[in-house]
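This is the structure, below, for whatever I ask next.
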Amino acid sequence: MSRYTKGVSKKKGLKPGSLIHVGNSTGKKTEIHIIDYKDDYFEEKDVHSIDECLKYRDTDNMTWININGLEDIDLYEKVGKYFGVHSLIMEDILNTNQRPKIEEFEKYIFIVLKMIYFREDKLVVEQVSIICMENLIITFQEEGKDGDVFGNLRDRIRNTKSKIRKTGVGYLTYALIDSIVDNYFVILEKVEDKIENFEESLMTTATNNLFNEVYNLKRQMIFLWKAVWPLREIINTLQRGEVEIIGSDISIYFKDVYDHTVQVIDTIELFRDMIAGLLDTYLSSASNKMNEIMKFLTIFSTIFIPLSFLVGVYGMNFDYMPELKFRYGYAVLWVIMISLSAFMLMYFRKKKWL
Amino acid sequence: MSRYTKGVSKKKGLKPGSLIHVGNSTGKKTEIHIIDYKDDYFEEKDVHSIDECLKYRDTDNMTWININGLEDIDLYEKVGKYFGVHSLIMEDILNTNQRPKIEEFEKYIFIVLKMIYFREDKLVVEQVSIICMENLIITFQEEGKDGDVFGNLRDRIRNTKSKIRKTGVGYLTYALIDSIVDNYFVILEKVEDKIENFEESLMTTATNNLFNEVYNLKRQMIFLWKAVWPLREIINTLQRGEVEIIGSDISIYFKDVYDHTVQVIDTIELFRDMIAGLLDTYLSSASNKMNEIMKFLTIFSTIFIPLSFLVGVYGMNFDYMPELKFRYGYAVLWVIMISLSAFMLMYFRKKKWL
Amino acid sequence: MSRYTKGVSKKKGLKPGSLIHVGNSTGKKTEIHIIDYKDDYFEEKDVHSIDECLKYRDTDNMTWININGLEDIDLYEKVGKYFGVHSLIMEDILNTNQRPKIEEFEKYIFIVLKMIYFREDKLVVEQVSIICMENLIITFQEEGKDGDVFGNLRDRIRNTKSKIRKTGVGYLTYALIDSIVDNYFVILEKVEDKIENFEESLMTTATNNLFNEVYNLKRQMIFLWKAVWPLREIINTLQRGEVEIIGSDISIYFKDVYDHTVQVIDTIELFRDMIAGLLDTYLSSASNKMNEIMKFLTIFSTIFIPLSFLVGVYGMNFDYMPELKFRYGYAVLWVIMISLSAFMLMYFRKKKWL
Amino acid sequence: MSRYTKGVSKKKGLKPGSLIHVGNSTGKKTEIHIIDYKDDYFEEKDVHSIDECLKYRDTDNMTWININGLEDIDLYEKVGKYFGVHSLIMEDILNTNQRPKIEEFEKYIFIVLKMIYFREDKLVVEQVSIICMENLIITFQEEGKDGDVFGNLRDRIRNTKSKIRKTGVGYLTYALIDSIVDNYFVILEKVEDKIENFEESLMTTATNNLFNEVYNLKRQMIFLWKAVWPLREIINTLQRGEVEIIGSDISIYFKDVYDHTVQVIDTIELFRDMIAGLLDTYLSSASNKMNEIMKFLTIFSTIFIPLSFLVGVYGMNFDYMPELKFRYGYAVLWVIMISLSAFMLMYFRKKKWL
Amino acid sequence: MSRYTKGVSKKKGLKPGSLIHVGNSTGKKTEIHIIDYKDDYFEEKDVHSIDECLKYRDTDNMTWININGLEDIDLYEKVGKYFGVHSLIMEDILNTNQRPKIEEFEKYIFIVLKMIYFREDKLVVEQVSIICMENLIITFQEEGKDGDVFGNLRDRIRNTKSKIRKTGVGYLTYALIDSIVDNYFVILEKVEDKIENFEESLMTTATNNLFNEVYNLKRQMIFLWKAVWPLREIINTLQRGEVEIIGSDISIYFKDVYDHTVQVIDTIELFRDMIAGLLDTYLSSASNKMNEIMKFLTIFSTIFIPLSFLVGVYGMNFDYMPELKFRYGYAVLWVIMISLSAFMLMYFRKKKWL
């Protein structure tokens, strides 16, 4: 898992509103993707400069500009200037340590969300920022990996008959958030698979390694929780219909995605309980296994203790030890020793120690 | 127990309001059961197509349509169209991962509840959705197993003199919820039986298997909790008398079922405490048993240690060892060894180690 | 302790308001006791039928009817009819699994409380229901054992000069609740005695049995908590002076009993902390004792290990072992062995292992 | 520590407002101390009867009557009568199990506080009740030990130029509360000393005795917490300036003492965390020490096991055992045994077991 | 770490508003630094007496007076007098045990913050008090160590073109708080470094020493939490725009620093979870290591137990023991013993005990 305080101290002492990228560097080039549409019109293209986006700003069409990569500071300064976004907001977009939040301004609203996926078994949290204006939405992603969660949404926009083509900025905002929330369920399914695997593994083996893996999963759940929990409040704000740009006519859709979010949160809570249970089970199982071994070995050695004492007795060199002279002394001793062992085994079994 | 994220990722990327069944497939045919009644009239039948329900929509009689099975997508599309239910609500009905909730609309209210029963010692949670309209209630169940919790309610409707025949949609809604909540008590009784069994078992044996069973019960309690907890809020909403379709004249009945729900919640909390106590007792008991064994064995071997040393001494081959020549040397050694053992036993007993 | 879900499933499927006794059956006959009084008048008698109570309903005198025993369903149906109490309320009176609560109606208020006492070291919780009307109070008890908590209150009513003779239904309600709350302190004193006993016992012995008893006490505290906690809210409602039948002129008395309730709750909380501490102390003490034994025994055997090795050495049969021939070989070995033991003892003492 | 339910059951069955002392009996005589002052006037004396206080009731001077000892019931009945204090309040003053609280009446306000000090290492909680009237304050203490927390305050009143001489009942109330709160810091300092001592002790020794002492400290913190926590609410009430007798012009002083109270609460919370940490450290340290001993001893005996086996081998009496005949057999065996021990020691060291 | 109750009892019995320094004494001389500026004007100097500050009080320029060192009581009495600050506030400035808070007065607002840094691996908490008046800010620091957190801010003021030169007291207040909050991130980065180090260390070694260090870190987090948590409320107050001196036009800046504070709090919570995890891992790892050692040694000795018994058998001196006479008896015994060991090793491996 990546660090939690990704270079935030870099910002110390800078004046507020100074644009600086705070987060993991990817080294990839910033990509800009534009979708411009209305009921009967559709245009889609990749552009190389933010200046090309400018002409879409004041049209009546609905426009969605998606920017991948947070490292081109110049570009972000232009975005702030062209679209009238406050420099503190631009700073927030570039700082990937934001917690999910919504902020309303006169001309736009600003939403920060967390997109989550597994990359080689590690949970990756990517920040998605959304600026919603009248007829224009700009989304900002850290990496914009191929096949991101917005792929299906783009397909729906391309489809002339979809509802999204007939509605405005509110519905598109909903659709973006819904895409991200739907994706959480994919993560949760994978987590549940892991938990089930661990459960089975714990039945058979209880290694220290397993303990660490479960612990890791526990930590990932904290992470997930922190990404999803504030979402409730955000969607609630949008649903109340008091955000002017969004409007209140699509409240039912936000209510729906709100329910999904609550469901995600409930499931994460459940998983945290289950993982805590796994850890308890592990500890109980490890201690049981250890106890069983120690018990076996202790009983084993206990049986030999009186036998060893007996053979010691007849190894003594006293001049006068009558048993040593007996014809069947040796054989009788073996009989005694075997009987003694049998008796002790029975005793231990009766006591339920075996 | 079934999975918590039953195929929810299937929905990823679909447009909102797409009807798709999310949950465990049963393979059974969808069944539709209609009860149509008023004060002096009663009709009951099974129909095979939702179209046959249509004629009951606009009559003055009180109608209860019960639909078992969530897999016939076509049927559900028709239900939405015929009765004017929003497609997002239809989607919720088909998604069995809903948490209990209530949603009010102009023409109907939508309630999701969880029906719970044991099937072969496993807790099964079945989703029940209720659409209440003016003079019409539609209920949706996953399996509608024979002898479901609504059986007694149906009998009461069949009885001409029952109060339910003289009242409207509000009282029937109450009666449905009350049936489900009453059923929770049956579950709680079974759970208490289990807890009592475990308590007795723990007195005699503390096996790892028992630990796992108690743990399982603990998890079932979390499950139960999640099904019942949101019910409080739902019934509270209905009780306040602000839901127009329900009206306020039967508030006292909702208050009653509200109290029952609180009682269920209290009992679940109590059981969770008791189960936590069981686990503590198990751990304490297991560690006690282990300690007792180890103590016994350690004391046993400790008594033999000096004896073995002594017999070792007289097994030595020194040329000059006067004791070996004594006439009663051997006998005296035995006396010494027996006295030593007796002394050690007394010492351990005095120290309360035995 | 009795079961928590005392036959509640008996009610499943019954129509709401069906009177049925839910709780432990006592087999005793239902008893009715009437006290009728005003400033200058006092009458007290036991009656055998609820019909005899009817004449007190509409008089100006203050009347207190106490009914012991919840099993005579007919009687309770008459109570509902004669005094105009809703059938759902009558149902609540007969169901002893109610949590403490208050419900206001136009003509009466309904209060459920829990009376608690020890019977042979077991905590018994008895439900007391109170119906307060203009000039009339009916109380319902499960067993009405001799010398119940209301004995002192009856004596005060019998006294012509007591304040209670000059005041109305509000003050009597207060006096009833106050009697029950005062009784909680008696329980708490007994619990504190137990805790103190356990504390002393833990100093000397830490048996598994003790553990179970402390655990039992812990569970009784949960029970007590559940009985007392909702009382706060009930008394608060009464104290605010908004309940018409009670009036606001005796607010100060309810404030006083409210403070007592808070004190009871505080003390229960404190006891729960102390019991948790007892359990911790038990575990720590048990593990300490075990450790001490194991340490002693391990050190004991450790001292003999090198000695046994040495005597083994001189028990070998090598042809050429010069030490065996020495005149004082045997004596020297004893000196060596004793010195070695002394040295090891000193070493262990220096290391603070002894 | 004294009992928590100091004889409260004595009150059971008494009518409300019956004056009875509930608490630890001290056997000391009740003392009455009067300070009467205004800007240019000062009088101070000890009186022997409450009647002598009566003349101060209606003067314009500011009067502070301090009563030590709660056992003279007659005196308290007179106080109630002379100064018009409700009998329930008088009852509260005599019951030392009150939790800190404030109650407002038309003519006076009633405040209960807890004064805390250490007596021979035990935390003693003494109840201080304050009645504030127009121009008159009566304080009630349980013991009024010499040099109580109000000593400094009295000195300030004696000083003609102090602010307190020029202000009214509000400022004196503030000064009384402030004296008590300031005293809490003295307690906290002592507690911190103890915690620091324990920390050092735990470094060197981890005895069971220490465990009990830390546990005791933990319980004292719960006690302290219960005494201080409600104070916040009391001072907050006074600070809001809505209590008429106190007025709003000295709000800033109450704000200051409020801040101190919050500081005390914060510190207690911190200490509770630290004590919990001490207990964890103790357990970890005790288990570490035990482990270390067991490890040493087990390794020690493990080294001798193969050696003892070897000497056993050459103690056998087979007719044909060639090694026994070798000239240097014995010497070689010693070499082998020493090498083996050295090898095992190295192995254990490499494995970091030593 | 320094004490938590740094000499607070010194204040006991003093009249309120008595100026006395409560905290760690540094022995350094008090330093006064003045920055006076407006849009087109800048002056900066160190002065030696508070009197020199007086002339800046009533000018139109924005003035920032920074005072380092809290031990010169005379100076602080003058500050109170010259700038009209209430003596209780002056007392608060000198008492370094304050929790962060904000207090509003007619002419000024008073803010207490905590500046945090590491000094030789110890967390040092320094109190910073801020008095904001119309056109004047006075800051008070305990030590004012070289290169304090305000260094960058001073540089920005020195820069003619910075926004801070064109804005008033609100923006400077914001800038001061922002500097302190930004500095928390530096601390958090260091803490995260430590946690990562501990994680790696725990993989390889689990010493008791490490345990203490992690515990120490845990305590530092409590400390940090207590310093940061109240900040939320303070900044929230400032952000609402209701504080007149601050105004509402820079709300967006306070919103930004509010978000940072929440981020700090979230991260501290996360770190606390992680440290709790570290401790769990430590305990699990230590117990695992111990178990492994004990298991190895026990198995090792178990293998030798039957072997030692066998050699004991043939060390017996019975007259008639046929095996002793056999030509290959000795060799056969060796074969038997080696086979037995091999068999036991295999058995233990099969049981997964090795």
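Lettered A, B, C, D and E in written order, each chain numbered from 1.
The definition used in the following text is that a contact is a pair of C-beta atoms (placed from the backbone, for glycine too) under 8 Å apart; a residue touches a chain by one contact, two chains touch by 3 or more.
Chain-to-protein mapping (UniProt): A, B, C, D, E = Magnesium transport protein CorA.
Just so it is clear, the structure is predicted and the values come from calculations on it, not from any experiment.
Separation of chain B from chain C in touch steps, taking the shortest path, is 1. Shared numbers divided by all numbers used gives the overlap of an interface; between chain A and chain B this overlap falls below half, so the copies present different residues. Each chain gets a centre from the mean of its Cα atoms; for chain B and chain E, those two points are 44 Å apart. The residues of chain E that reach two or more other chains are 294, 298, 301, 308, 312, 315-317, 321, listed in rising order. Taken as a contact graph, the chains are arranged in a single closed ring, with each chain touching exactly two others.
The touching residues of chain D, counted against chain E in their complex, run 151-153, 155-156, 162-164, 174-175, 178-179, 182-183, 185-186, 188-189, 192, 252-253, 255-256, 259, 262-263, 266-267, 270-271, 273-274, 277, 280-281, 284-285, 288, 291, 294-295, 298-299, 301-302, 305-306, 308-309, 312-313, 315-321, 352-353. Listed in rising order, the residues of chain C touching chain B in the complex are 3-5, 8-9, 11-16, 86, 88, 91-92, 97-99, 101, 103, 205, 208, 211-212, 215, 218-219, 222, 226, 279, 283, 286, 290, 293-294, 297-298, 300-301, 304, 307-308, 311-312, 314-317, 321, 323-330, 333.
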